[in-house]
Structures are given as structure tokens and as C-alpha cells.
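See the structures that follow.
Both of the next two complexes hold subunit A, though its partner changes from subunit B to subunit C.
Now for the complex of A and B:
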């Protein structure tokens, strides 16, 4: 059988096994006195790695929405933020500002996911029938609205300080910093791998065929008997819930949330990662995200060897990211690993 | 009793009345052709019946049930499927996936069976594959099965659209210009397929400009003009009707 012939087969199962293995090993580090040591030169890699696996869940959800179903969501960060804030406010023991309810963190995480999914459902219910570009505007506006709500309702969301005193379950179990970082990246990375397995199963199944048909031509998909509104809503809500999960895990890893973590910069990073890697291909979007986030590492090291100030360097990095995006659109419009025929960009 | 009937359909587009009190009734296992000059309202009639646009007035009845304004997806479940005038392929999908997509009642199109890779999904998918393969072979597209449908020629697209529609095993098949832009050999081939389907008991409604093929093919012709029913009946008789000749040759409608 050719590669084009998608079978609901074992694809994605390796990711599932690897994800479970990561969780188990991570749990081993967290729950037993087992210790790991990390050369200090690698700290920065693990730190960026943790952000990468969290953003990985965002890009997988976004790819389900845009890559497979064709829904343009320019406000993905809002679901990440809502998941993070809901988890943080419910779990925080004592915050300097804003609400801290002190519930157990697993409950808080669950509520975080549900809150993001509900917001996704509300946005879908009002706007999913809109044409692509209008949905883009609605989602972008939603993200901006929530951003200013988080900043301005200080009594509830803690303003620019955000919510502090969020419990850090892994840090609570492991005192040693090296072991803690290893355990964190293994546990969150495990969740990301399981997410990868889940979305792969979903899109390899006939379910994914319907999503890709909607992306190709919604009216045809309806005329062969598929309720496209249901599928579009589901894809949007699943993406939102995944972003909520990522947000909740971020809050529980970081120990605090603040508006500064949830700027449009997050949306831009995952969009560029997705387009660079190749939409509609789960592993490609993760790889694309890795390339974009790898630039952060390069720039951290680059800063120390270039004779410019940090500000200039940061601006320069944005220029490089922009140039990469232009190069991708010009030379590989389907992304590095994307299939031009499947994305309909083959001229 | 008629299987599909439209009663007093009216559809306005702004100031233009595209169809005006149109009533058409189609019996079970009939093969009906719909013709008429450009702008007569053929496609609007199709769109109103197939749920692509809701009619402003009138009712559509399918097998005794009022389905006026029902969306295309629910009509497809009830056994009414249509094709489009300008073939609409899912260009970013392969020929195989185009045909497989239309399979009804695949449990793997729901989230949980898809996530769990349930046995029922796998069994159903095996059946879907076999059926799709069969249809692809029938329409002689097998050498193109793995090709993206954007690479197909106009005639091949018509065949693919027909194959995809048949995956649903409809009771009523509505074809919007199935011979437009198709070479004579392929036209003959498509016409034969339509005859076979009709002989097997499928009710077929065809819009077509290609009068020669259409009159040979159908049991009954319905001629529309300016959104109204002009003449209907036996193809030969209809073609000799003066009103039809006038409508087509653009004589003065007194």
C-alpha cells in the first residue's frame, strides 16, 4: 500500500508508548529518592525544552484546527491563558493579588481544561460558520479582549502581577534542582507525546478524512452527508482543550501566571512553527516549532559573542524569524515536510 | 405516488425571481431530464430541492416526508444526493479518499471509536475500502486511485463525482450537467452508467444542455422557462412542442 493510503493502523502508537515511558520514568524521579544530575551547560536546553513540550501541545491543537480542518485561529493563546489562569486561581494557596482558592491541583487542572474547552465552544457557537478570514478576526479579537481582562481586573486576575503561589507538584516532591528539571521535562513531554498519539489516531481514522474534506470543500462534504458544523466545532473545541491542558501544566510548572506569559507572541511562535514544519503533519509541526524555538537558544548564545545590546539583538532575532517565514512562503509554501498537493499549494 | 415532489417553489435573489411557483413531481425509478434556456432556473430548482439554498415559498417532499429547507447532509441520509455543475472535487485528497469519504455510517467518523481504534471502525473501514475499490474500478479510475483529484481531467472528475455519490447508494440521484465539457466517448460512457443505475431502480434527475444525449436517455423531459414549468412529457413530443422551440430559438414570447 502506498503512503498516500492512510490506514487506521499502528501509526502513532510509538508516540503513545514513548509518552507512557516518559511519564513512568519522570514519575520515578519524582516519587523515589532516585536522583539525576545535569551539567550546568545543559540547563538552558532543558529549560527551553520544557517550554517546547508545553508549546508542542498548543501546536498540535492548532494543527488539528488549521492544518486538518482549515479553521484559521489567530487567538490560540487565549485558550492557553484561560487554562493557565483557571488552574492557577483554583490551585493557588496564597496569591499576592487576585483570587486564590487553594483546591487540590488535579481538580484545578481539570477545571482549567474544561474552562478552555468551554471558551472554545462559545467561540465556535457564535463564529464557526464564518468564512475563514472572519473566524481569524474573531479569534484574534477574543485573545485581545481576554488579555486586557486579565490585566485590568486586578481583584480577580491579579493585574500585571498575575496569580502567584500556584503549587508546583513536581517541585514539591523533588528538592534537588537537577532531578526536578529532568522529572518535569519527562512528565510534561510524556503528556505531549500522548497528545501526539491521540491526534494521530484521530486524523488517521475516517474522522480525519472528514476533517480534511471540510478543509477541501465544505459544501461537498455536506452533500455527502457529513454534518460539517459538528466536526468544525469538535476540532475547534479539542484544540482549545489541548491548549487549556498546556496552560494548566504551565501554571503548575511555573508556579505563577501573569499576562506577560500569554501575549500574541505565543500565537505567532506556534503559527510560524506550524507553517515552517508543514501543516497537516503532526510530527512536522512539532519539528517546525523546534526549529523556531531552537533559534531562541542560538540567540541566547549569540548574544554573548556579538557586540550589540540585548534590545538590538532581540529585534534582530525577530528580523531573522520574519525572513525565515518569507523564505518558507516563497520557496516551500507547504512547509519543510508538508505535502504541497495535500495542502493545495502546488502550482 | 411520487418519490420526490416540489410544490409551488419560489426563490428570489434580490429583485430577480429565479423560480416562480414551480411544481415538479418525480416518480420512483423514473429517469427525468430537466432542460431550459440559460437562466430558466434549473440550477436554482436543484439547489432548492437539495437543500443548498432554502426556497422562499413552497414545499419539497421526499418519500412522503416534508424536507423543505433541510440541509444537504440530512437529505443525503434520507437518500437524496446531488452532483454539482462545476465539478467540485476534494482536490487536496486522493481519488480513493474522495470516494471513501462518502461512505455512510462509518463509526470511525466519531471521536471515541477513532481514538480507541474500535473493532467496528476497522470492520466498517474494510467494507468501505472494498466498496470504494469496486466503484473506482467500475468507473475505470483505478489507474488514478492514488492521484490527487486536482490532477484529473474534466471528464475524469465527472466520473469521480459520480463514483463518490454512489458510495452513498442513494434512492434519488440529482445530476447537474453530467456531460458538460466531456468528450463524446466519455459522454456515452456516463450515459450508460446512468442507464444501468436507473435499471437497478435508482431514481435519477438530470439537468443538461446536451439535448441529444438527454432526450435519448430520459423517460420524461421537464422544460423550464423563466422560473416556470413550460412543458413536460415524453422527450420526442416535448422537443417538437412549439413553445419549446420558441424558448430555445429565442422567438418572441408574445
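Now for the complex of A and C:
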């Protein structure tokens, strides 16, 4: 019995129920005077946990693109960044630098998702026909271009400072810090679980079978009459839109966006999480991401007990992360819970 | 500053990018992988050169040679350890491995060397040409006074020497001809009796030597830090793809196009936006992949 069998598998329904439950409980904390208290030792867990659920949406979108369709998108962070910036610029009030329009946040979030989806559409319209490794390079270059645009157009994007003064809906409702963190992780985690349910529905449907067929052999898929370019474009845009949603939620949770939050490091983290868990398996990619992000916790605790400086420790953690990526590809190309047969890799 | 001066800077930048891009494109053509860790080879080469020139200390030309040897050794050791065992898995796992390796090496360098930039002491002579008349078009100055340093001449001279040596290697020696044969068709080359693994190893060594040279030239020109190579990898990659992935001659042309585009865009961009010049290189890269994915002299990279 493999570890996979012990993971719950309810065709995504269980994830949907859990997601709605999380949202309801989170809403309860946010809207009623109900209070929760958090031992201070757990602060760091909840903090990393919030980042984890946000990155969870990224990894689910990326898995739809790479795990199911075989699109090598190595610039996933750009859609996250565009969603976050669009949301922030529309919703922010009195930012220190850059544009702040002060529209209501639900509208801003919607625009953020649409902006990311549109960028995904543009990127896929121009480059989806490229060979795998060149698609990786184009997406990576796109991410770098946007990064330098965000840094350099100070009047619009606020330069290195970014956009400040983004409304924080949950913080606006809850004054108390402990309750706020609990409510945040429940609400965003609920959205992530609902996302998980949605992508599971999508990939369990015949639609998902076509995506996996494209991954396995594009020529054969085309020869049975499927327009592979259309499917690939759709998968790419869905992934981009999910990243945009994650970005928008990040902006509304964090209260500010800056180029430093959207570096290539984000792309690398979610890629390693996906490969470690096992591409093409939604729960596995989330588990893989949890392992990689768990390393952050280890390094935070490690930092407090070892006499070295934070910079040294960060460098050491990244060496380990790089070696994990190499080791996974070499020794376990299907990931921990992935199916090597389906992914077409030999162990 | 006149446009001519910017163009000189562009040629210097193009020169060291060209040296590195030849190595990068050879790996792409013969091992069939995009090596994202290649920037780190430059950094390691630069550090070898820096240590040789400051710690031992040896004269600068000897340090450059040591950096080249160091680059070659590092390259073959890393290839044997990380890339040769997964040669059969195809381009994507190789690319991902190189990304992981790049992160690990970059941060290992940071771990041992810190973030600070180091400088190689050189004696520089500056040749000034102030008498050149300005040819102004609007606010833009086409000629104007300019200067060339001895460092600039060394960089451009080394690049030209490398081009000639690579040309001779690829057309006059058995190893070079075998490399070209393998780049064309690997199975056919094997049928013909070429030891493909040996050729692959020689390509790794050659690419490492070129990376060491490019790295140490960058170090002489600017400085050495843990991000020396990484900050240039996308330019090297753009140059190689612009020239047509796999073609060394195309890479040389691509590198000078990128170098000049970077330098001249600096002249046109407002001073607060000079950071955008790197975006210009990537915009060129994307444009090339969309309009003529085969580059100036390469093969088709689209599937459908």
C-alpha cells in the first residue's frame, strides 16, 4: 500500500466540502465578535501556512499546465505578480508611490484575475507552439521583463517600494491579531480547497483526459481530431487566472505589493514543490509544496539556535533546495506520489 | 556622452557575452540541453581568476589561463556528476536539473564568499579621443569625444582570438568536425564511428574554458560577486537563441546585437529607467522566437 492510497480521494467533493467549511468558519471569526487565541509559538506556523495556501493556488494552476498538459511554464510568478499588482493598484488608497485608484476590493480582485488571464492568453497566443524548453525560456523572460518594468516605472508601479495602502478586508473586520490570522488562513485556505475541488473536477472529466493525452503524445491527440492548440491555450489561461487570483488575495492579505515578493524564487519554489510531490496529482503537488515550505520553518527555527547570520542560513537553505530539485529529477522523476507510468518517466 | 561611446561599451559587452554564448550554444547543440547553470560557471571562473591574481599572486595573464583551466575542470566535473547520468531523459529534466544546480552553486558561493563584490587590481591606460566633432541630431549626439581603455582592447582582442580559435577547431581538427557532425545528427555520427560520449565531454570542457575566460574578463572589466554570472545568463541565452541555438557563428552575431542593443537603449532611456535595458534584451529574445524561431543561423524550434 503506497502513501497515495492513504490520501483521501473523494473526486474532489471532500475538498469542496472542506473548503466551504473553512470559508464559513473563517467568515464566522471575521464577522462575529468571536475570538480565537493563538499561542505565540504557533505564530510562525500560521504565517508560513498563509503563504502556503496562497502558493497552493499557484501550484495547482502550474500542475494544470505542466502536470496535465505538459506546458513548461517557468515564469509562473509573472501571473501571480500581475494579479497582485492589478488588484493593488485598483484597490489601494493613498499609496506612497505609484497609482492608487481606491475602487472597492472585490472589483479589484476580479480585475486582477482577468488581467492575469489576459496576459496568459497573450503569452500562449504567441509562444504555445514553441518546443518545451523554449517555452520555458520565453515564460522566464516574460517574468523578468515584467519584474524590471515593475521596478523601473516608479510613477505607475511604485518602483522598489511598490504599492502601499492596499485595503485588507479581513484586517478591517477583525481588530485582534490572533483572530485575524486564524480568519485569514481559514478564508484563503478555503479558497484554495475550493480551487482544488474545481481542478479535480476539471481533470477527472473527459476534458482532463484530453489534456493528459496532449502531454503523452500531441501528434496522436491531434490525429484523433482534438485541436491541441485550443486545449493547451485553455489550460495555460486557467493556470494564469488561478495565479492571478492567488496574487489578488496575496495583495489583499499583505496590504502592499513590491517587486521583492515576485522574484524567480517563487517560481522555483512551486516548481520544486510540484516535482517533489508528483506532477499530475493535485493532492501530491500540494503535499510536495508543504514539504518545501516546511524547510522554511526548519530554517527559521534553525536560525534561532545556530550562531550563524541570517544571510548565511538563507544561502544554505537555497543550496539544499537546489540539491533537492536535482535529486528528485535524478532519482524520483515522478515525485513522491506521482505515477511514473502515467508521466512517462522511468525510475 | 555620444552614441559612439555607448557603441564602444556595447562592443565590449558583446565581446564577453559572445565568448560565453559560444560555449552555451555548443552545449545546446551537442548535449541538447539549455544549461541554466552556465552563468555559475562564469562566476566560478571569475573567482578562480580573482583568487589566482590576489591570493597567490600571479601575473594577470597567468590568472586568466588558470581561470580557463579551472572553468574547464569545473565544467567536466559538474557534467559528469549531474548531466551525463540523465542524458537520456530529454531536454526538460536537463533544464530543470541545471536550474537546481545553478541555485545550489550560486548560494554555495554566497555561503563561502559572501555577497560583497571583489575587484581585480589592474593597471589601465585610457586612450582619449576628444577632438571628434559632435554630430547632433536633436538631443542625441552621434559622434562626440570618446575613450577606449586598455581593458576594453583586451576584452575585444580576446574575443576575436576566441572566434578564430573556435573557427579553426570546428573546421580543421577531427574533434571539431566530430562536434559538428554530432550537432547535425547524433545517431549518424555514432554509426560513423564517432565516440559520442568523448565528444560530449570535450564540448563540456571547451564550454567550461570559454565560461572561465568570459567570467574572468567580466571580473577585470567590472567586479566579481556571487551573482556575476547569473546576472548575465539571460543575455547569453538571448544571444545564443538570437543567433540560432546550436550555431556558434550565429551566437557571435547575436551577442553583438544584444550588446549593442543594451548599450544603445541605455542612451535612449531616461536615466531613472536604465534598469529597463535588460528587459530590452529579453524583448528581443521573445521577438526572435516569435518571428524567426530558428534564429539567424539555426534550426526550427517549434513543434506544431
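By definition in this document, the second predicted complex is superposed on the first by the 336 of 347 C-alpha atoms of A that agree within 3 Å, B and C clash if a C-alpha of one lies under 4 Å from a C-alpha of the other, contacts with A are read in each partner's own complex, and residues count from 1 in each chain.
Basically, a contact is a pair of C-beta atoms (placed from the backbone, for glycine too) under 8 Å apart; a residue touches a chain by one contact, two chains touch by 3 or more.
Computed from a predicted structure; not experimentally measured.
By the touch criterion defined above, A:321 reaches subunit C but does not reach subunit B. Contacts of A:228 after superposition: both subunit B and subunit C are touched. After overlaying the two complexes on the shared chain, residue contacts for A:151 are found with subunit C alone; subunit B is out of touch. In the superposition on chain A, A:37 contacts neither subunit B nor subunit C. After overlaying the two complexes on the shared chain, residue contacts for A:213 are found with subunit B alone; subunit C is out of touch. Greater residue coverage of subunit A by touch, when subunit B is weighed against subunit C, goes to C. By the document's definition of touching, of the two partners only subunit B reaches A:201; subunit C does not. Touch criterion not met for A:306: it reaches neither subunit B nor subunit C.
Of the two partner chains placed by superposition, only subunit B is touched by A:341; subunit C is not. 222, 228 are the residues of subunit A that lie in the contact sets of both subunit B and subunit C, per the superposition on chain A. Here subunit A touches subunit B in the complex through residues 2, 4-6, 8, 198, 201-202, 205-210, 212-213, 215-217, 219-228, 234, 238, 341-344, 346, going by the rule given at the top. Note for the complex: subunit C touches subunit A at residues 33-34, 82, 85-86, 89, 91-93, 95-97, 99-108, 110-111, 114-115, 234, 237-238, 241, 272-273, 275-276, 278-279, 282-283, 285-286, 289-290, 293, 301-304.
Subunit B meets subunit A in the complex at residues 50, 52, 71-73, 76-77, 81-82, 84, 88-94, 96-97, 100-104, 106, 108-111, 113-115, 117, 121-122, 125, 128, 146, 148, 150, 164-165, 167-168.
Contacts from subunit A toward subunit C in the complex involve residues 72, 74, 126-127, 129-134, 136-138, 140-142, 144-145, 148-149, 151-154, 218, 222, 228-229, 268, 271-272, 275, 311-312, 314-316, 318-319, 321-326, 329-330, 333, 345.
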